[in-house]
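Presented sequentially are two complexes of subunit A, the first with subunit B as partner and the second with subunit C.
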Partner chain A sequence: MGNKSLIEIRDLSIGFSNLAKQLLPILRNIDLTIEAGETVGLVGESGSGKSTLALAMMGYLGNPLKVLTGSTSFRNQSTFDLSARELEQIRGGELALIPQNAGQALTPTQRIGRQISESLKLHSKVSEVDRPARVLELLTQVRLPDPTTLVDRYPHELSGGQQQRVAVAMALAGEPDALLLDEPTTGLDVTTQAHVLELLRDLAKETGTAMVYVSHDLGAIARVCDRVVVMYAGEIVLDGSVRQVLLKPVHPYARSLLASIPKLREASLPAALDGRPPAAGDVGKGCAFVERCKMAEDRCALERPLLQFTKAGERVRCHLFEKVEKLAASGPGSAVDRSLISHATEVLALDNIAISYTTRGLWDQILGRQPNDTPTVDDISIVIHKGETIGLVGESGSGKSTILKAIAGLIPTRNGRIIYNGNELLKASVDQRSNDQLRRIQLIFQNPDDSLNPRQTVAEILAQPLRLYFGLSNQELHDRSVEILERVRLGGHYLDRLPSQLSGGEKQRVAVARAFIAEPELVLCDEVTSALDVSVQAAVLELLNRLQREFGTTYIFVSHDLAVVRALADRVALLYQGRLCEIGPAADVYSLPSHPYTEVLLGAVLEPDPDSVPVLSADDIVELSPMPVGCAFQRRCPRRVGDICETKTPPWQQVDDEHLIRCHIPHIELRELQMGRAN
Partner chain B sequence: MLSMLLRRLLLGLVTVVLVSIIIFTGVEILPGDACTAFLEREAQGKLLENCRRDLDLNRPALERYVDWASGAVVGDLGVSVNGQESIAELVGNRMNNSLLLAFCALLVGVPLAIFLGVITALWRDKPIDLFFSTVAIFAMTIPEFVSSTVLILVFSVWLGWLPGIVLTSANASAVEFFPEIILPVIVVAMVMTAHILRMVRTSVIDVLASDYVRMATLKGVPYWQVVFRHVLPNALLPAINVVALTIAWLLGGVVVIEVVFNYPGLGRMMIDSISDRDLPVVQAIALILATVYVSVNLTADLLTMIANPRLRTLHMRK
Partner chain C sequence: MLTTFQSVTKNHLQDRLFKVLRDVMSSPSGAIGVSLVFFHLVLAVISPFIVPFDYREISSLLMLQGPSFEHWFGNDHLGRDIFSRTLLGGREAILITGIATPIAVIWGSFIGIFFGLVGGRIDEFAMRIVDAFLSLPWILKMLVLIVTFGTGMGVLIPTLAFFYGIPVIRIARAATHDVVARDFISAAKARGHGRIAIIRHELLPNVLDTLMVEGAMRWSWMLLAFSSLSFLGFGASPPTPDWGLMIADARGFMSFAPWGVLAPVVFLSSLIIGINLTADALAKALGIDRIQKAPV
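Up next is the complex of A and B:
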């Protein structure tokens, strides 16, 4: 088989030496062959070594890394033995990379055209005269609008999706035999992600280019790849066709990973995978997954399993794969208990809130003038009841976090009132609110790396709210801190740790503990799981759900991920450009009829299922500012009815008791339209 | 873009006006005035009256400020108490000398600093980096009067290659300052080079670690092309502002060096006038230095904006 293979990796181990001169492997004994034209997904959580492996295929190692054993070759040339000159030929030529976060991977001081042209100059025979034309051709091929003006733009002048397409065009310039894609859609909005993935899929088909697609997102992998390689702690644990791996995984880790992904069609919490992967060099002599494996037997801890073939032709690294094979597909996760909601008690009411980010000039401030532009967030009225979880969903820039900040008093509202407990008017700014009001509303941020002070121990972090709100000190303070840490499943021995000594999931638990130690009535969750790995995300969702049951807390849960919101929320509100489009009980919002924007979002969600096909009904253009008149979604709406959308703000239509849609199309008609498309 | 430019200019102008008010008020609220300060014990009777009449100190402060400020705009900074000479002329000569020193130091220092900064960053932690980085730290930390004295000892006293002190008079032409100016230039350039070098080094190291440099490498761009096309244009942007601050420092802040070498620059004149209690001269120099500071920074910001596409579009949109 060797001769035809494009990329061949044999027994490759890569690692670094720590200060104690110990060799810590990041990748361990990787054997992988990629044939011409194949599309392979490399899946794993952060730290699994998937990106290191992909970059090693290009002969690139990050700074402290070195090859410990084995080799990797491209077209039978051993990559690590090539000279710098030969590597330059291959990189970007036969083997091209599409990076994660193209916004940072494009040189900020160079125009788009020049950067693509550079690739052409290095890796193609296109003559200097023909290069500009070829650049335009490439930009057209990646479906970028208006290539002639685009070539003269700088990277920061493009949207995230456009930048990613430019990166794709740059990679295609050298007419590569294989594309390495390193999390190419992470950080993009769902609709943009779906569009970029469709583009990549089509390119793979048209050009016959092989693809190695590195991602933590099984949904994206399911859409693009034929074959999936699952990695855990630097090893390949499972390698099979996309159908086999996603529908009937024979490795316990892959099973748990799949079970931890929230599903759009299931209103239940995904099953969490406890524990965390071993750190580099921390793997015992047994299986790396043994400590988190629910099926582990004695020998799993003693003997490292080999990568062996199943009858179906998959490769799996597990002693017990035959047992796993016989297990039934994992059922749905645990349902969320909705009995706590007390519809009579209103916790928070947003009454016609408008927020503007426009900074007033010196003159306007002196004269006390309000700017008269269109506010970023407008016309938001929501009533939230005790014990419920309301999900605020929208793409980036939809104003969902802005609304949270306004509730927390971190940014002023321009209009409207925030009413607490039915009668208390909350002042717009934190420093005008009473201590008790502050205590009752707590905020959990997206990224615990940024929201925890790196120089404070967990004890100090937790002590602040206790001193501030309850005036506690000494023993009592200590006891309360330990108690809350146990509630978030961390325990008192975490008190002396610094944030840097915690894993991502643990940090977020500390952030959750800090919020709950104040005994809040309302907790504002701002994308609290989007910086976490899926398995950790499931655990945090489970934690939030349990705490809600124990304390009767009310949540406002902001997320861009419709599946996560589906798992936790009782009611869902959809925001587009700072305007509400649809609001209602979760079950209603996720079924027909939907606001056209909800329809677009739901259509673009990628499920870890090779048979689910995303529906791309709207362009992934980026709107910079909201429309001053008419419907907020008018420019992208696939169901526009006419001028009325531009001239009149659509009315709220009551579909059901609590289910409201803001659209000019009557909801019955909308349902029929959407049913028709579904057939 | 143009409105941005105008706004920045206006803002700079406002700053200078505010500074002039502060300087003037500062001098006003000092006990006594220019004449009592200058005449000291003889400040009484006829002498004081004459002096005040000569310097026009009998009018209300506001009137005098307006006079002074409007004079300054057209280049008339009044006369010095000490010797009754035109301040504009006195200061003008010193300014030229300071500019000469600054120009020579920049000519030597900036290219050298950028070159060494890039070299040390590209060979980070290699002997060449360790050597120059250590030397730079020495150059930054050794007080200027020590390094000046050592240089004078070596090059003037022992070797006798260069004059150790400036004897040329303040109003001489630029050429006449050679070779006397060489040692002061070396001392100033050393300190300056060290500062800029360390800044450039850090900046290049940051850019080398960026995603786009890794991307360029993985695109197959040869190493030196990565350095020249992808690293340097981005890494050298912050250098513009540091150079601007250095220019301001060179014009007014190198008093110690000017004193050691007896160089007739602006900084030394300021110190001399303070000890001579020549308040009108102090006032004039303070205003000039403030104007230099504002305009140099303004120029640097504009240059950065021209060189950095990100800032450019940011301001164009506004």
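Up next is the complex of A and C:
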């Protein structure tokens, strides 16, 4: 074999025919070579064809898809010419796939040990007697604790990160030459993601396995890949080393994509990329990116650029790459205007809120007894001022969405009060609140696919709050809907569309419009950008910021993404297991001293910069339920001082005027400890 | 060019209806199914005007005659023309089940959606009652009512509608559960809409597809049930021409005059197959995976 390439793709085009019998290409003229031991990232937004390309490498095409031109080969065997049996030999053995959601990829009724030994049976020469030992070896290799007890567990008994590791172990069972990873860490918490990526990085070094990462997350790619291939509308637009692509991209799309990612160290809104990628078959004869490109010339619309080599050895598909090369690195995004915050006016005060999901039994209800378990969310007191944006940050299960739902009146609180405008006490349930109270607090959900009724047109969606709160009808209803649609940059012609006829970003704009049409004072944003592509995310953040300035709205912004919160929030509150750890102005929270949990989270954030190295100072396994006594973060804390952490609830320490940290370690000492780590 | 909200909505409904119809007709099985159902419905309306003989006309000379040029499907044990009787034989079955099916679907959906929304222990308890009803053989529980109250449309329609609404409860409840968990329902609740408004605007449009397919399936089961009751002598009463009754009458002579059984069997099966094919094509066109169910 010698210097033969591992995977070779030559002029590959894949497409499908639509109902009108037109041939729509999904992938167009892909040329890609992957050498043994290489780690390559396939990057692009949803619909760019990156997953289709990865699956094509395994010789798999989804149902309506067919090869239009070209070929792919694995070790000189043309993959699409192989028989089903020959493909079975390659797949899982020499070429293994790690799917996005390991929890769904593992068989729920089989113990971990059996699943792995099944892969060994199919894809390796390990004899039956040696298999149990090899299973333990594999589990140790993926750094799972206590492999001997783990083999008897079922998948649901493991955490998301552990499931992903088991999937990696199964893929490694066949000692593959190449691993395909389809969004391997999407959907995992930041700390878990950092741990899994470090593992994959080490495995690539140890085993010399070639790895192909499919991801939309340039931060993850930066950490694990040597080479990055950027895809747009089914084409490769840029292919170069990770340093070249991330630090000095020579394609306008890659430049805009990088600029649209919020940065942890910059308190500014990232630059949005307007427009949307062309649909399959909708690309003209020119460059696919021409409509969104700020540099486009006449030639770009008429002539499709070829994939050509730069002097530095990258491949780029752009007529003007030499010009792009000379551009300076894109500067910081636009700063957020903080002048509207009025600290004197209190909009909402959460006073010692506790929420529990356990329902009281009939007997307890009659006697008025409270259950004495540990509540899911406890001891939350936050005051929110008019015009400010407060970010609630935490990993999954931290109770951040629960708090939002309690404010919206969807979940009853067990203890505490929600006070509106300094004097109105908000009732716990929506049924008990007045129409006006309901109107002033609006909620925007994470996924617009789920929060917009698929059977209602945009007009009907917007009409619901207008009829309910203002009793509007006909002409007035229509005018107000058109007005708000223009405010969110959609326009009146969207009125008769159904959600299924809109793109992800457009849907979220409709959801934003539905909230703002009620003229709210407080808008609760529940992970509003996490289901969106980065360039769309930037546009939605920009929209939210503009609407805030126009309407003087107050936001509570829930997110797991520290960089997104950094871009928008004035103040940040960190939650662990439903308990507040730290709260303060964004600039203070993101600098030292930090609560140990903030420190762990900030350390695990992956930035789209090949030089940033994550600091993994704590394990990534979250408790199933909050600790009944002591500090909530006691078990995972890298700075634990002793028994006091387990027995006493830590006090609030005032670092600055508004910056509070809840920890037993004095904040001056904490700062010194953390400075020492930083040096 | 101002479009009002009502017209926009109506256009979308029409568009969707056309699209679903086109999708149903574009699949071969859907086209066959719809044609069969259409054929039977038209026949039920026009058969009294086109039959060549009176269905009551008895003739001792023609007893158990095989198919001839004059009597296409032969004659039964009383010498009546089987062709005429077969053409007429679906009228009562289609009429009764055609009334009973919508009633069953409506009351079943109503109860199912109610318990799906209420949830919790009340829902659990109600579902056990539903399970108890479902666990009894259908023919047994229907016979109890019919024997008590007698036959005739006034008893048959409520009986069929009642028992065939029970499985609909389960389907409607499951569909409701799927929709209730989604964020647009939470969004409507958080906005402060009332329960009725949420059901009307948010829930119903999303469960209607499932209920439509379920309705088609219920109809085919109900037709089979009605014919079985007639076969046992509890459905249509003589001398009304009815497929179930005709099969029962001709059964004894099957060894030497099989045409008496064959004609009604072919007609009854073709209608049921037609409905099933239509329901399947409809489910595909609406994007629902219908779970194959055993008769209940």
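Operating definition for what follows: the second predicted complex is superposed on the first by the 670 of 679 C-alpha atoms of A that agree within 3 Å, B and C clash if a C-alpha of one lies under 4 Å from a C-alpha of the other, contacts with A are read in each partner's own complex, and residues count from 1 in each chain.
Note that contacts are C-beta pairs under 8 Å (C-beta built on N, C-alpha and C of every residue); 3 or more make two chains touch, one makes a residue touch a chain.
Quantities reported herein were computed from a predicted structural model and do not represent experimental measurements.
Per the definitions stated earlier, placing subunit B and subunit C onto a shared subunit A by superposition produces a clash between them. In the superposition on chain A, A:84 makes contact with subunit B only, while subunit C stays out of contact range. Residue contacts after overlaying the shared chain place A:459 against subunit C, while subunit B stays out of touching range.
In the superposition on chain A, A:106 contacts subunit B only, with no contact to subunit C. Residue contacts after overlaying the shared chain place A:443 against subunit C, while subunit B stays out of touching range. Applying the stated contact rule after C-alpha superposition, one finds that A:137 touches neither subunit B nor subunit C. Within the superposed three-chain model, A:198 lies out of touch with both subunit B and subunit C [touch as defined at top]. Within the superposed three-chain model, A:496 lies in touch with subunit C and out of touch with subunit B [touch as defined at top]. Stretch 129-137 is the one of subunit C that runs into subunit B, the other listed stretches 129-137, 165-173, 183-191 or 201-209 having no clashing C-alpha atoms. Within the complex, the subunit B residues that touch subunit A are 210-223, 229-230, 233-234, 307-310, 313.
Every residue of subunit A that touches subunit B in the complex is listed here, in rising order: 55, 58, 60, 84, 87-93, 96-97, 99, 101, 104-110, 118-119, 122-123, 154, 156-157, 170, 174. Touching subunit A in their complex are the following residues of subunit C: 2-5, 8-9, 11-12, 182-184, 186-193, 201-202, 205-206. Contact residues on subunit A toward subunit C in their complex (touch as defined above): 405, 408-410, 430, 433, 435, 438-439, 442-443, 445-447, 450-457, 459-460, 463-465, 468, 474-475, 477-478, 495-496, 498, 514, 518.
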